[in-house]
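Below are two complexes that have chain A in common, paired first with chain B and then with chain C.
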Partner chain A sequence: MKNTLKQLMHSSKFVAGAGIFIIILLTMLIYPLINPGNPLEMIGVGTFARPGLYFSLYDAMDVPKETLKLSDAEDKRLESIISKSDRVEMLAYFEKTGVDVTDVTLDDVDTILDLWNQNFDENNKPKGLTNAAWRNYKTLNNRLHKIGKEEREVYDVDPETGEENRLMTVNGTDYINVSRITNTKRLVLGTDNFGRDVLKELVSACGTSILIGLIAGAVATFIGLLFGLLAGYLGGWVDDFIMFLTNVFTVIPSFVLLILISYSIGQEQRGATVVAIVIGLTSWTWTARSVRSQVISLRNRDHVNLSKLSGHSLFRIVVTDILPYIASYVVMAFILQVSSGILSEAQLSLLGLGPKTTTTPTLGLMMNWAMLYAAHTNGYWWAYFPVILTITLISFSLNLMNTGMDQVFNPTLRD
Partner chain B sequence: MQGYRKYFTKKIVWFLITFFVAVTLNFFLPRLMPADPVSAITGKLAAGNADAKAVQKIYDRYAEEFGTNKPILQQYLLFLKNMFKGDFGTSFSQYPRSVSDIISSAIWWTVCLQLPAIIVGWLLGNILGALAAYIRKGWDKVLLPITIFLSNVPAFGMAVTLLVVFAIKLKIAPVAGGYAFDQIPNFSWAFIKSVISHYQLPFWSIVLVSIGGQAIGMRSMSIYELNADYVKYARFLGVKDRKIVGYVFRNAMLPQITGLALSIGTMIGGALVAEIIFSYPGLGSTMYAAITAADYPLISATTLIITIMVLIVTFLLDLIYGFIDPRVKAAQFDN
Partner chain C sequence: MSNSNEERRSCLKGVGVTKVFGNGNTRTVAVDHVDFDFKEGEIVTIVGESGSGKTTLSKMLLGLIAVTEGEIYYQGAPRDIKGAKKKKEYWKNIQAIFQDPFASYNMFHKIDDVLLDCLDMRGCRNLPMEQKVEMMTEACSFVNLKFAELTNKYPFELSGGQQQRLMIARIFLLKPKILLADEPTSMIDACSRSTILDMLTKLRDEINMTVIFITHDIGLAYKISDKVYIMEHGKFVESGDAEDVIIHPKADYTKRLISDVPKIYEEWDLSTV
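Moving on to the complex of A and B:
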């Protein structure tokens, strides 16, 4: 055992795979300590808040102001107010109205703004422009008019009288220290369609998914191992029968069986554990097949025959004389089953057949929600990309471990 | 021909048995579950309806429609009879379209998308794997981890990534569907062009996902073969490297075909989910729509068709294997 581990540590692939997997596991254990609470708590009222540092505007008003005269502040402000697509639109307007813009580049915001203020005529619609486009230009113009004001005023409106009280005046040079604001929240991965913290949800989902993978892998490996051992060691009609089952279930796609069973179980009964067990029940064939062929090559070895002659029980022969020889193989098969179990859950959830949605998130469910709310077509990458990356990384690390082990236990593949 | 005949008869018998088991499972699995599908459907349809008589009526109507009020064996025979006639009942969600009509319009999209994609992915993967095994040192070290990483991207993940990069960011491919919304299926040039442009992203996402796994398998097989005694012997004899590589490739291919036959079900499953991302009008999207609408007859028919498709592909692969496996050939010469 110790020797095997030492050997494995020499395989760079195994070490890398195990490393990534351990990092994922540690994150799962440590992150909830830093950011405790229910991962499904809806903190945002809106949907898909962008990742970043959020601070309370309410509290920010109480923080004393400092005046900082930064030379590039005005330019930056202009750039952010007049977006690149706005500038493209403005240039298109100039070309339509015959203003010479051959020397003006897109980055030259000042010149574009000057030209706009000189040339835009609100009452004169250029020919060949649709009404919608013209309306867009007018809104843009209204927005541009606000630029250049030295200060903005904040009012408090009395809900009963409608009276406005001026609360404060904000200058372009006013700054406050972010660290002095009482309430801030860093949303590393923003919020999802329900307004939940994606990172917190992801960490919790990752745990559930790995658990699903482990249960599915354990069930599949157990059945596969049992069938493989029985078929390989006993032979005869047991072997024929088990091989018949195995062959049939290898060809019938497990994916289809999964869908049929999950759909029949119904939404209410479908907890994470049930889904995991169902996945395990449909994916044992690979293990059974290969364990059987390994056992067949073992069963007539001398040490097994010696055990038989000594009158050892079937159970004892299997446990002491056969299992140790196929243990490495079974562990490898288990690792692959875990990774394919996680993937199966994700695919089932994408089809709308995943675990029931109220209690725990899983990676598949997160992906399903993101797709249902069209996060991908609207550019809310934080709602789906981290999920894909997590599934890929888990599966990658497990497969890397497996490849490493393969090279250690199977000398012909060694580099 | 005796070797071949024996091999093919065995395969055909196997095909028929598995087919029968698959159909039986497709029928019995949903019915073995503790939940009664008819009452589940009734529950969904009659939600909010307090009139027990009306609910009972809906229940009876669907029990009649599926024949669940008859003894189970009789139901099964009826199911078999209808299946061979191609009659899968009427869809709930797309009433009054028949299920076989919906499926026959969806199946060709799936077949034309997945078959070429899986074949191209398999070929490219095998070529890359053989190259990696032959060249070994250097880029094999870099290439292998990258390939393992790529092969672990789930099919739907690859689909979403390609969709976002090429359709939404770069805008060089359409976002969804099998053809543009303003087109009606016909044999005009504009329609074919639209179909081809919509075909690209789903196709490449399936190819990219399947390359990795195949390449890794082929690499292992080729390394194993390259170390075999016959290669060493051939080298001593001074046989040209090219010729040896040819032999090695052929021998390493055989397990790869078996591997493809064994994994085709999983691959198709993944690709079906990828279809949903692109709203490709194939079986995957049909199944998704059926599941969301609780369209029971459609779900059961789609799963059956997918199973049959996988069975047929596996059977064909077995036949091809029989033609190129030298052992089957040898058995033929023996007799």
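Moving on to the complex of A and C:
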């Protein structure tokens, strides 16, 4: 045992795989301590807030202002108000109204602005322009009024009398220190369609998914091991019967079976554990087959014969003379089952047949939500890409561990 | 050497014993209607080339695989080993030494476990530990091993010869009535071989054990056995006292086996019949 572990530690693949997996596990354990609370709490009212640092505008007004004269501040502001596409639109307007713009380049913001202020007439719609385009030009024009204003006023409106009290004047050179704002929130991965913190949700979902994988893997390995041992060791009609059952389960695509079972269980009863057990119940066949073939080659070995001659019971022979010889293989099969269990859950949930949606997030459910709310078509990458990356990483690390173990336990594969 | 005693009781007897593997196109008759009668306290050798069915016969005698046809008699009565309990009882009387000592031990069990198992089987489970150690030490010293050096070691840490001697120590502890030795010397060097043969004959002399010795080496058979059975393609082609069979062979197969034995001062005839 100690030797085997030592050998495993020399396998770079196993160490890399185990390393990634342990980092994921540690993140799962430590992150909730740093950022406690319900992972499904809807903190945002809107949908899909971008990742970034959020601070309270309300609190920001109370923070004392400092004046910073930064030379490039004005240019940046201008750029954010008239974007490149706006400038293209403006040039198109000039061409329509017959203004000569042959010498004007796109980067010459000042010239374009001057020309605009001289030529744009709000009450005179050029011929051949659709109403929608004209509306867009008018909105753009309104926005452009802001430019050039040195300061902006903030008013407090009394709701009863409608009286306006000037609260403060904000200059272009006014700055506040973000760290002095009372309420700030960093949303590393933004929020999802329900306004939930994606990172917090992801960490929690990762835990649930790994748990589902472990349960599914344990169930599948247990059934496969039991059937494989019985079929291989007992032989005869027991073998025939179990192999018949295994063949039936192999021939029916397990994913179809999985969908049918999940569907028939119904939304209400479908917790994470139930889904995990269902996945386990449909994926044991390959373990059973391979364990059986290994046991058949083992049962005629001399050490098993000697054990029989020593009067050991069937149970004892299976547990002490056969199981230890296939233990490394079973561990490897278990790891692969865990990995495929996580993937199966993701597939099922993507189809809307995963665990019920209100209590626990899983990686598959997060993808399902992202898909339902069209995150992928609208470019809200933070809602689905980190999930895909996490699934890939977990699966990759487990498979890497498996390959490493294979090389240690199968000396013919060592390089 | 062959002082056959007619007074000896029959120990293991077979009538028309047959083993067939597979069916249809893959049907193989491994052992084909063999008759034999092994007497108590005899050293019987079954000689035959590879694939002649020696090991299959030995497994049937041990009760590890079922007999397809025919009947085996144990101590005069038909052998009844149906059920785990009867099998266990049968195995108290018949034990085996296998060909490959390296494959004969469970590599996860220590040597102590192997020997303690034998004591349990003899019904010494409840003896105090000191007494068990004493018995194990005695068994080890019978085969020139030191128990103090072996304790807490694994069988694979020993050499092939030591492992095979440990196997004999096991037999010494169990003291079965019949010992089936399936080519016990084929995997080890010539020096260890004579020691092991010596120990087997010593065991026979001490506890009047029947030794059924399976080998492909007819010279060895001549040296140690009282009775010889020559096996070819699952059939006994010749049997009888070792002296008779080997000095005056009748069957062609026996003659060929004898001519194939390399002799030191003669040219070795490699042409087969």
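In this text, the second predicted complex is superposed on the first by the 377 of 415 C-alpha atoms of A that agree within 3 Å, B and C clash if a C-alpha of one lies under 4 Å from a C-alpha of the other, contacts with A are read in each partner's own complex, and residues count from 1 in each chain.
Here is the rule we go by: a residue touches a chain if its C-beta (ideal position, glycine included) is under 8 Å from a C-beta of that chain, and two chains touch if they have at least 3 such contacts.
Note that this is a predicted model, so its numbers are computed, not measured.
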For this session: Look at A:Leu343 in the shared chain and tell me whether it touches chain B only, chain C only, both, or neither; answer first, second, both or neither.
Result: first
Exercise. First (chain B), second (chain C), both or neither: which does A:Val256 touch?
Worked result: first
For this session: Classify the contacts of A:Pro324 with the two partner chains as first (chain B alone), second (chain C alone), both, or neither.
Result: second
For this session: Once the structures are superposed on A, label A:Ala73 by its partner contacts, choosing first (chain B), second (chain C), both or neither.
Result: neither
Exercise. More residues of chain A in touch with chain C or with chain B?
Worked result: B
For this session: Pick one for A:Asp302: touches chain B only (first), chain C only (second), both, or neither.
Result: second
Problem set entry | First, second, both or neither for A:Leu314, with chain B first and chain C second | second
For this session: Quick one: classify A:Asn247 as touching chain B (first), chain C (second), both or neither.
Result: first
Problem set entry | chain A to chain C touching residues, read off their complex | 301-303, 305-314, 320-321, 324
Seminar exercise, completed: As the complex stands, chain A meets chain B at residues 13, 16, 247-248, 250-257, 259-261, 263-266, 269, 286, 339-340, 343, 346-347, 350-353, 367, 371, 376-377, 379, 381, 384-385, 388, 391-392, 395-396, 399-400, 403, 406, 412-413, 415
Problem set entry | chain C - residues contacting chain A, complex | 59, 62, 64, 84, 88, 91-92, 95-96, 98-100, 103-109, 117-118, 120-121
For this session: In the complex, go through chain B and note every residue touching chain A.
Result: 14, 17-18, 21-22, 25-26, 29-30, 32-35, 37, 40, 136, 144-145, 148-149, 151-154, 156-157, 160-161, 163-164, 168, 175, 216, 220, 223-224, 227, 262, 265-266, 268-270, 272-273, 276-277, 287-288, 291-292, 299-300, 303, 306-307, 310-311, 314
